[in-house]
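Note sheet for the following structure.
Chain IDs A, B and C follow the sequence of writing; residue 1 opens each chain.
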Amino acid sequence: MKEKIAYGLGVIAMVLFARNIYLIAGLPQEVNQGAIFKIIFFHAPMAITAMYCSCVALIGSVMFLITKNFKYDALAVAVTEVGLGFLLANLITGSIWARVIWGVWWAWDVRLTSALVCWLLYAGYLMLRRAIEEPTQRATFAAVFSIFAFLDVPLVYFSIRLFRTQHPGPVFFSSEGSFPPDWSAIFALNMLALTLLAAVMTIVRLGQENAQREIDSLRRTAHAI
Amino acid sequence: MGFFRQVLVVTSKDLRAELRTKEAINASLAFALVILVLFSFAFDPLEETTRAISGGLLWIVFAFAGALVFNRSFTRELPNDCLDALVAAPVSAPALFLGKSLANYVLVLAMELIALVVFGVFYNVHWTQFFWQLMLVVALGNWGMTVIGTVFSALTVNLRLREVMLPLLIYPMLLPALAAAMQLTGYLVTGTPISSQNIAWLQMLAGFDVIFTAVSLVLIEHVLVG
Amino acid sequence: MSAVAVDGVWKFYGDYPALRDIRLEAPEGSCLALIGRNGAGKTTLLRTVAGFMRPGRGSIRILGKSPRETETRRSMGFIGHGIAVYDELSAIENLTLYGRLYGLPDPKKSAVEWLERTGLERVRNGLVREFSRGMRQRLAVARAFLHEPRVLLLDEPFTALDDRAIAVLQRLLREALAANKTIVLSTHQLREALELASHVALLARGQVAFHGPCTPEMVSDPGYVYARYGEG
């Protein structure tokens, strides 16, 4: 049943993507930045999806601490991994954008720098998990870390923004507010497609995590006999 | 026994044990001095530009050397399973955490003050200009570092690679506090007092301290009791 | 009211149940010996009872309350695999520290008293790192008894003890039982434990295979319980 849902969502996401890419290619070029501006249809939704992922990770972590049910821990790790993937894609597309517009691969602007630090933060989550053998302790410590990380994200963003107000630097997508209406529709649809993709990947990863847990417990049972 | 009484018992135990061996504090101080010397080859200490980045330099020294102290915080309980006895004692997890944090705070503060003096000498920086404001920044920044460092010391105590993992985990987490401390120190040391221009950094630092102290006190029970 | 009541406790490592539906009771003034093979779950059970870990299911009551409550821990003493004293402090500093942590009215006086009772008064100012093994073990015993706990939880306390330390521990445990304290100890050293025990529980693969009073047959032939109720 879960596989059917995943497949269904995946198909919808693929169809949406195909349609969107066709439409985006047909759009007129943006005045200041040219064709590369269209990267925003992917770049920005990826960051937003990563933010959703961190929210779901928080919920999973808190619920695990309250209920000690490992399904929540599986959710937290699955959604964090997916979020990290999207955040990495966001960083790469942002870097490409910077190279085309400014000629540098990295320019320490507010959003990209925040994304980088958040990526490092949640990569630490995965590193911590990898280092703890015992499942209950791993889940508990990871949950605590995830809560800390979630609270840190807004602080990171605001501190980097504060830094940039005092030490100005290049700013991207300053024309954010001036999206024409039909562009907004495509943006929203791409947002939906990416969210569906994230959901699919999370479901797949969840299944894998639950299977792994079952294998681990069977292995322990076999050793005990 | 009152909460603060318990906190002080834990703090005095940690400080007494540390002062007996001086392992962490010596390593921390030595490391700080080495980094300060090393930096003199990256940036010419006589240049004016170096003075401008001195705030950042100083807090990198504090953060790296401080990690050595935080690491030791819970690992000192590992030999002989002393952590068991602490968790079994009628001391609440928040009291235990706060006690260890205070001990760490004192030790790292000592290292920082000595490093500050050496820094002033090596880099010819007049950091006493706005002394009390600088002390405020150091006090707040140190607390932010200490709270995160102590919690993560508890999180990494059982790991094989804890000396590597602890810094890797805490530095991204500490970015807002370190950035604020670096900026404020930079201003104060180069002759700009705290004013409405940069008070936002102080607010950021104080906010960071409050939020993460509260979260740590709430979650530490889960870390210490499986 | 039982001093120690374990009711339907399960402990999971991931999905694997290390403890399954454990039901045990130790009335006040009794001594329960927990025996079983390595990996049966004795240490897991003791540590869960002592409040180091939370059970996945079920409840633990020590003197009617949860072991996580501060008041309960004041009445509890635990000896695990480590001696739980600080190498860089002296014997008297260690005991005074624990006296303060447990809120004793005169920590120093209690510390001195227990150093005498465990035969360590001559080395009271010596650093623990310089102690011999037997001395360290006696100090661990002093630490656990220092605050006169009503319930004592001991994880393989006789393992790797020298003769003098064994004698000290047995004497102290007998005195505790005479004073109506409750003891739960897990053990491989069947003879020393069964001499003291009033009840025995056999743990096999995370479950209670036998729980009942300690009979003379068990004391004279420690393998009896394993043969009769366990896997031999």
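The rule is short, and it goes like this: contacts are C-beta pairs under 8 Å (C-beta built on N, C-alpha and C of every residue); 3 or more make two chains touch, one makes a residue touch a chain.
All values derive from a computational prediction rather than experimental measurement.
Chains making contact with subunit A as well as with subunit C: B.
Distances from each chain's CA mean to the overall CA mean are smallest for chain B. Centre-to-centre, using mean CA coordinates, subunit A is 49 Å away from subunit C. Each chain gets a centre from the mean of its Cα atoms; for subunit B and subunit C, those two points are 38 Å apart. With centres taken as mean Cα positions, subunit B sits 31 Å from subunit A. In subunit B, the residues that touch at least two other chains are 226. For subunit C, residues that reach two or more other chains under the stated contact definition are 54.
Taken residue by residue, subunit A touches two or more other chains at 136, whereas all remaining positions touch fewer. Subunit B makes touch with subunit A in their complex at residues 148, 151, 155-156, 158-161, 165, 168-169, 172-173, 175-176, 179-180, 183, 198, 200-201, 204, 207-208, 211-212, 215, 219, 222-223, 226.
The touching residues of subunit A, counted against subunit C in their complex, run 68, 70, 134-136, 213-214, 216-217, 220-221, 224-225.
Per the touch definition, subunit A reaches subunit B in the complex via residues 65, 117, 120-121, 124, 127-128, 131-132, 136-137, 140-141, 143-145, 147-149, 151-152, 155-156, 158-160, 162-163, 166.
Of all residues in subunit C, those touching subunit B in their complex are 50-54, 68, 70-71, 73-74, 76, 78, 80-89, 93, 97-98, 100-103, 143. In the complex of the two chains, the subunit C residues touching subunit A come out as 12-16, 39, 54, 56, 205-206.
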